[in-house]
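Okay, handing you the structure first.
Going in written order, the chains are labelled A, B and C, and every chain counts its residues from 1.
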Amino acid sequence: MSIVDRLKTIDRRIIFVAISLAVIIPLLFPIGLPIMVSPPAQGLYDAIEELKPGSKVLLSFDYDPSTMPEVYPMNLGVVRHCFSKNIKLVGMGLWPTGVLLGQEAFELLAEEYGKTYGEDYINLGFKAGGIVVISAMAENIPETFPEDYAGTSIEEFPIMKGVKNFDSFGLAVCFSAGDPGVREWVMIAHSRYGKKVGAGITAVMAPAYYPYLQAGQLVGLLGGMKGAAEYETLLKYKGTGSAGMDAQSIAHSLIIVFIIFGNVIYFIARRKERKKV
Amino acid sequence: MRRQLPLAICFVMGVSMVVQFFIPHRVSQEFYRTILDWYRIVFAFSLVLGTGTLIKVHWAKISKKSKGWQYSIITIGGLVFMLAVGFITGIQEGTLFMKIFEYVEVPLEATMFSLLAFYIASAAYRAFRARTVEATLLLIAAVVLMLGRIPFGYYLWHKIPGIAEWILTNPNMAAKRGIVIGVGLGMISTALKIILGIERSYIGGGK
Amino acid sequence: MGQEWFSLDRLNVLIGVVVYTALLLYFIYQAKKGKELFVRKIAGLEAVDEAIGRATEMGKPILYIPGLSTISDVATLASLNILSKVAKKAAQYETRLIVPCTDPIVMPVCQEVVKAACLDGGRPDVYREEDIYYITYSQFGYVAAVDGIMVREKPATNFFLGMFWAESLILAETGASTGAIQIAGTDAISQLPFFITACDYTLIGEELYAASAYLSREPLSLGSLKGQDWTKLIIGGLVLTGVILSTFGLRFFANYFTTG
């Protein structure tokens, strides 16, 4: 077997080791590459900036542990932004496990910003049904979520006083890793009820949601770790999103190197074969 | 009769759901919610059925000592253990059940998801070849997009992120919309064939 | 809202549904009358027989993944239609068919489909209920289990047909590493590039829905494909008209197509 043939059928494990190193080393020794903010991330930031202190934002945690490394930093970023502007947050989830992750983000930052549960933020919990839940919320939120995630009646919480439907919120932000998620929020909350909707989604999903952004159905969009890093840049702090961008930069560059290398090998092999013929 | 009844139910329900879509009346919305409740109830029962087959399949493997039967012990053991823990400690925050969820289930799922990074690299190395003009264009677009999504791309050439954004919002979107229109029509056509009983494989075919 | 008996802002949708349904029914009627209908070649579907034959020759099983969605997803239903054809062929060739499911409702339906296909293929004796089973509702738990099946059982052929999410590449790459011939098909646009890269054949979007008609060659099903083509032509015309009018600042035409 010639060297070219060997390289053509390179052991996948070599590639895996290279990618591991490309991810681990920058995480351990950050380079701190500056991050440029794209218009979709700026859009979501501006939409929150425009809100007055005391206004309410609805957060839908529609992701799960598997996508946590990508979506959770965005969740933290948006909660941090809202808390810093004294905006009240009402969380909920169309995915059962998302509610727990959202609660974790709330608790982590509530301590830092001195926020109280039930006054400054609340978690209404999970409700199965996807699009039906959003439709029901548009009609009557207290009827759809009579209790919070821990089973306490929402009437006991000052933050829920006067909350009837989507009109009580300045913005809805969906953190999503699939269906039900952003599409359902756009279809009901924006298209039918004219509510401003923003989103934080995985990088794989991002290209599919650009049409919504272009059509003005989303005020802003955070896509994958890059989106989280951009939001952190806007908030002027370094979180896991920014830390991950170094690793992502090196990993992307390495994949490009692999592609170029693979093609060089391919062309050498092809030339050899043609010579034989 | 074994075939006619499910087909009739499918037809009536299919037509009802189409009609329901155009009726905003409270009665119609209630009907929709009732159907969803029914779906959830059927789902709960089917979960029992599914778990039953899972146990059956793995029990058979263990008793026959088929290849890899040891894994089946872990599967059934895990299932029984989590059920027991859930019943004994409950599933509230801070319970053992939730701790296992947070410290075992979450990292395991994240690990599976993270395999994507490795597989993207190996798939790209193996399959991304400039064999034809179209493949070359795809390859160039992929490289530009990958560079456009990282800060390094900006430093290579400050216009790369803009070009990547353009690829996403123009050629990518045009192709996507074309596929989406086709998918939408295909969906309606399939749904119609099922409602009309032309397509009946899902109930095991037959005339 | 709430008291009206017809949603006027969905009138355009109703018109669209009526026109499209009428076209479909017309072409189904034409097909029923015996009119010859041309359908272009779809490489992925042409390869189905070859893929099943390969598994038979190698004496290895076929792995069929009906997607990770629920039974209410049309992509799952389309996949079940294809499963019926694959199972029939597999039964005739006496090739083992493994169908792991992630949705507990999809599982009994798959069992019923395969059972009927075996009967239809004249080989009810080869039906193995224990090969069509439920694994877990957890997305990546399911992926881990299916990857395990691929590595241990080494199926000669893998079918990934239905709705897929982030797991598509993990499944397809593992399958490629075991040397299986792979046919994928999905309407999940984000996952198509992964399948195209890692599988031998990929059914793109609507090809998944056309597959059942293509494989069965039943005139009634083929007629609906023709109806789809004509509707696409009409939509193309409408889009073009909309683009021209909107370019000149006339938005009224595009506004007819917004819904509530």
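Quick notes
Keep in mind that, in the parts below, a contact is a pair of C-beta atoms (placed from the backbone, for glycine too) under 8 Å apart; a residue touches a chain by one contact, two chains touch by 3 or more.
Being a predicted model, the structure only gives us computed values, none of them experimental.
Taking the mean of all protein Cα atoms as the centre, the chain whose own Cα mean lies nearest is B. Among the other chains, the CA centroid farthest from that of chain C is the one of A. Of all chain pairs, the one linked by the largest number of contacting C-beta pairs is B-C. Rounded to whole angstrom units, the spacing between the C-alpha centres of chain B and chain C is 13. Centre-to-centre separation between chain A and chain C, using Cα means, comes to 29 Å.
For the pair chain A and chain B, the distance between mean C-alpha positions equals 19 Å. Multi-chain contact residues, meaning those touching two or more other chains, occur in chain C at positions 2, 139-140, 166, 189. Within chain A, contacts with two or more other chains are made by residues 12, 64, 66-67, 207-208. Each of residues 29, 105, 109, 112-113, 120, 122, 124, 126, 128, 176 in chain B touches at least two other chains.
Contact residues of chain B toward chain A in the complex are 29, 32-33, 36, 40, 93, 98, 102, 105-106, 109-110, 112-114, 117-118, 120-122, 124-126, 128-131, 139, 142-143, 146-147, 149-152, 154-155, 161, 165, 168-169, 172-173, 176-177.
In the complex of the two chains, the chain B residues touching chain C come out as 18, 21-26, 29, 39, 42-43, 46-47, 49-51, 53-54, 56-57, 60, 67-68, 71, 105, 108-109, 112-113, 115-116, 119-120, 122-124, 126-128, 176, 179-183, 185-194, 198-199, 201-206.
In the complex of the two chains, the chain A residues touching chain B come out as 10, 12, 15-16, 18-20, 23, 33-36, 38, 64-69, 100, 103, 128-129, 132, 135-136, 150, 203, 207-208, 210-211, 214, 224, 226, 245, 248-249, 251-256, 258-259, 261-263, 266-267.
If you check the complex, the residues on chain C that touch chain A are 2, 139-140, 165-166, 177, 189-191, 259-260. The part of chain A that touches chain C in the complex is made up of residues 12, 64, 66-67, 139, 177-178, 191-192, 202, 204-205, 207-208.
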